[in-house]
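Take a look at this one; I'll ask things after.
Which chain is which? They are A, B, C and D, in the order written, and residues in each are numbered from 1.
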Amino acid sequence: MEHIEVKRKKVDTPTVASLYFEWDARVLPGQFIMVWVPGLGEVPMSLSKTGKEKCITVKAYGESTGKLAKTEVGELITLRGPYGKPFKKSGGDILLIGGGSGMASLRPLINRRSTGIIASRTPEELLFSEEFNADKRIEVTEDGRKGIKGIVLDGMDMVNPEDFSMIYVCGPERMLKAVYDKIKDKNVNAQFSLERSMKCGIGLCDSCSVNGYQVCVDGPVFDMNQLRDMTEFGTSKLLASGKRVKI
Amino acid sequence: MISLTTNTGGLKLESPAILASGILDENGYTMKRILDEGAGAVVTKSIGTEERNGYFSPVVAPEGSYLINAMGLPNPGIDFFRDEINIALKSGKPIIGSIFASNTDDFLKLALKMQDYGVSAVELNLSCPHVQGFGSEVGSDPVLVKDIVKNLKGTLKIPVWSKLSPNVTSISEIARASSESDALVLINTVRAMAIDVESKRPVLTNVYGGLSGKAIKPVGLRCVYEARKECDIDIIGVGGIYNYRDALEYIMAGASAFQIGTALMEYGRKVFGDIAMDLESYLKKNNVANIKELVGVAVQ
Amino acid sequence: MISLTTNTGGLKLESPAILASGILDENGYTMKRILDEGAGAVVTKSIGTEERNGYFSPVVAPEGSYLINAMGLPNPGIDFFRDEINIALKSGKPIIGSIFASNTDDFLKLALKMQDYGVSAVELNLSCPHVQGFGSEVGSDPVLVKDIVKNLKGTLKIPVWSKLSPNVTSISEIARASSESDALVLINTVRAMAIDVESKRPVLTNVYGGLSGKAIKPVGLRCVYEARKECDIDIIGVGGIYNYRDALEYIMAGASAFQIGTALMEYGRKVFGDIAMDLESYLKKNNVANIKELVGVAVQ
Amino acid sequence: MEHIEVKRKKVDTPTVASLYFEWDARVLPGQFIMVWVPGLGEVPMSLSKTGKEKCITVKAYGESTGKLAKTEVGELITLRGPYGKPFKKSGGDILLIGGGSGMASLRPLINRRSTGIIASRTPEELLFSEEFNADKRIEVTEDGRKGIKGIVLDGMDMVNPEDFSMIYVCGPERMLKAVYDKIKDKNVNAQFSLERSMKCGIGLCDSCSVNGYQVCVDGPVFDMNQLRDMTEFGTSKLLASGKRVKI
């Protein structure tokens, strides 16, 4: 386990904060770490910056992430990793589709030629949309107070997916599945970053598995071909106990 | 014809490399994949009578050459596990149902359900070192162990394997107590812990956990060797097996098959196929027709 | 003023880093050098009533992260050890005399001679895992342990330390049985073995040996932590300590001093001075005046 | 432990055999390995060749070495190491003084500019003397059937030790001590390779120690300065049990 000082902090939205730190590990976009919040739990977090300066972008969701998001500059975060397989790079115009805190793992992919579809419930929760070129930024809010009113799929109607050399998608699994279904028969390349609950992060505990693939080591990034045969994708998962439930 | 085929613990295995209980065996699809990718059999996660979430994270503390875990026996409860076994059974290879309980009646109930679900054998977890009232607390009492094994053997149609703990003063004594089993599975993890110096607290939420991986291979070998000398019963070796040489050490110490867990942290699921392939090459190179011929050859 | 000075087990130590029994402590000149080069104290090789050559070689099986040894308690017998202690005493620092025997009378006889030779304390080897009739065979019997400790405490003027084995079902039970000691020393090696696949035989001439080094740190920590919760007695931690962070883990688990053995294989004799220096820097950086303040802070 | 095939064998003297093998470890002159003879014991052996091809030169002394010397081409030797600190190199004219199997560890130092004093009981036992230039070879036998009659010290009278930039000595400890005493007040540089009985080879067991220095890790090579303060050198040692005896 490593203990690393938070050098810089930015409150991105009312429920999301980014913690910046220096860590000499080599990390690629799409990879994640396990962050320990002593006394509360250990949570997987994508790296939202992967250069010399690293960053995690935390949505205060439950107890652990709630406490983690309150970490202040000068305090230490305790982590292990990096884990998982990164996004495969692609030249040309790319499309990033992010729902909620899913934008965190997509952020390192943002560049001049990336178009973003950023979706959230409210305008305040739109994450990292300002990092896209103004003309390549499609904002979608459920309450419609900013950008398009609706969900991610509504945002996708604003573009032709086949115009992009690669589509990168991250967000809740139901959203991923919806996007997948929308583009699965089109002539597109796409990579999806899955978020399953994780206990070990190192391919042992089976809590993150989808049809025998461990999201923590075989993923979190999967391409369309891999997802095609995954009957569990978007349909069922195991609870902490291992009990199977519908998604 | 070189062969890795083994008859052990009442089962016929195409390969002696078995997935150990508790690693990638909660989800039926995962078990099926591991069998399809080359394991000779899989042992399921240990299943109890009731649903348990296990401990809050951190539940693992990985280090270079070992791992400490305290999952806390998470499991959906036996009734909800039927579906997972059904999925796994599609592989056509043997599934061994691991079960844990604190008394003979519950063990029997669980074993009968497992048998009903179609598993090829049951493995009694008499050895988990970090959950009160279960595992090694049961497995360190020779009288209770004898009673459980006897009752199960008297009732079940499928073989009964007993998985024992190294955390006892005398492994020979417990081996003797469980010698009516069809096989002994040695060893479960060694009771252990880790402290995080920075936050000045134990790393695992449960404080105590079980040590596995490279670090425990010498302990596992010793237990297999001791049990081999104590009683004439099939032994399945487990603990720190990462490659075919580790497996051969266990085989030469007296194990007729072996299980792999923590090595998946280093090599992933392909470890089963890789080890089987390497064992085959070894047999070829050394002119050994069947791996069985090597069982116990180092015992003096 | 930062200080590593510790009062533990009835002794005052300038540094909590002690040489463990059995490593570089058969020859008086070696013990003296290790003290001169920075150890807070040394524990001698375990000494018995009669001369023993120990086992034929191989007596060690070194691996990357651990060692297995079966020296077989070689020692010149207590009478011939007086001269070595005399040489070592010239360092002016505490010598702790380790002794092994199979019954209370012999332990008493050995301890009185050690006291006579001028050692600062005796350490009872109740834990060597690979010699029949001695060590852990004695140390796993709580009644015998209690009797030995009681008799020695009633007779000796110097402190009595009990070195316990992790190879027991309940460390708490043995800790309780030896709780009249001035300190518990935890742990001795874990019973283990290795097999050489090429020659198809156990590596160690004695077959069984004791596992030490990095691999057993999680086991040692767990034993210290368990004993700390069980009884209110000074504890000396030992097992896999290679650097100041390992030492801190033991201290936070409840040890007030620690011993080092196998790490010498990696770092040589300078490990004592290095760890003491690193501990001092740590205390300075973290504003801790005395290492004592950290003893047991991780215990929940 | 490593298992290595013997590629070539040469019987050097009636009691000494050299086993040649390929082993990709980096070894320097003066270092040694622990060789396991299953069922009999493990013995320290110097490397008598340290290039790509390695060699051990075994004197059949007791049971283990007796069996080891009988190893045939194609059989495996089982070893661990290399261990110990090597000889320090020296340019110019050097003097090698070897008694008995002590020549084994000196052999890799033999070159154009080395003079050898090779001592043994009988002519048949003179080891590697033919590897020295004929004019730089001083043979000494106790029975006087070849070379000078006498012991190593008699051979030394044939040269002026101060003519050499470095003197290397290996042999039984009593011989080492005699050589040491003979040159200790002269203006010379010398390195002595000690042979103490060894159980572990890795600095743990104390069986090889001389005044707190472990021959297996601090040695086997010591220089004059180091030996000066060693009161145990040439005078006392511990038996297998740890009992101190005179040498």
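To be clear about the criterion, contacts are C-beta pairs under 8 Å (C-beta built on N, C-alpha and C of every residue); 3 or more make two chains touch, one makes a residue touch a chain.
In this text the structure is predicted, and so the values were computed from the model without any measurement.
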{"item": "Distance from chain C to chain B - Cα centre to Cα centre, in angstrom", "value": "33"}
{"item": "Geometric centre distance via CA averages, chain D-chain B, whole Å", "value": "51"}
{"item": "Interchain centroid distance [CA atoms averaged], chain C/chain D, Å", "value": "36"}
{"item": "Chain C residues counted as touching two or more neighbouring chains", "value": "201"}
{"item": "Contact graph of the chains (line, ring, star, complete, other)", "value": "line"}
{"item": "Inter-chain touch pairs (all)", "value": "A-B, B-C, C-D"}
{"item": "Residue ranges of chain D touching chain C (in the complex, touch as defined)", "value": "1, 3, 34, 36, 38-43, 76, 78, 80, 199-207, 209-214, 217, 231-232, 238-244"}
{"item": "Chain B - residues contacting chain A, complex", "value": "23-27, 29-30, 32-34, 45, 51-54, 56-62, 67, 69, 71, 74-77, 80-81, 83-84, 196, 198-199, 201, 203, 205, 261-262, 264-265, 268"}
{"item": "Residues of chain B that touch chain C when the two form their complex", "value": "64-66, 68, 140, 167-169, 190-195, 197, 200-202, 207-208, 211, 214-216, 218-219, 221-222, 225, 245, 248-249, 252-253, 294, 297-298, 300"}
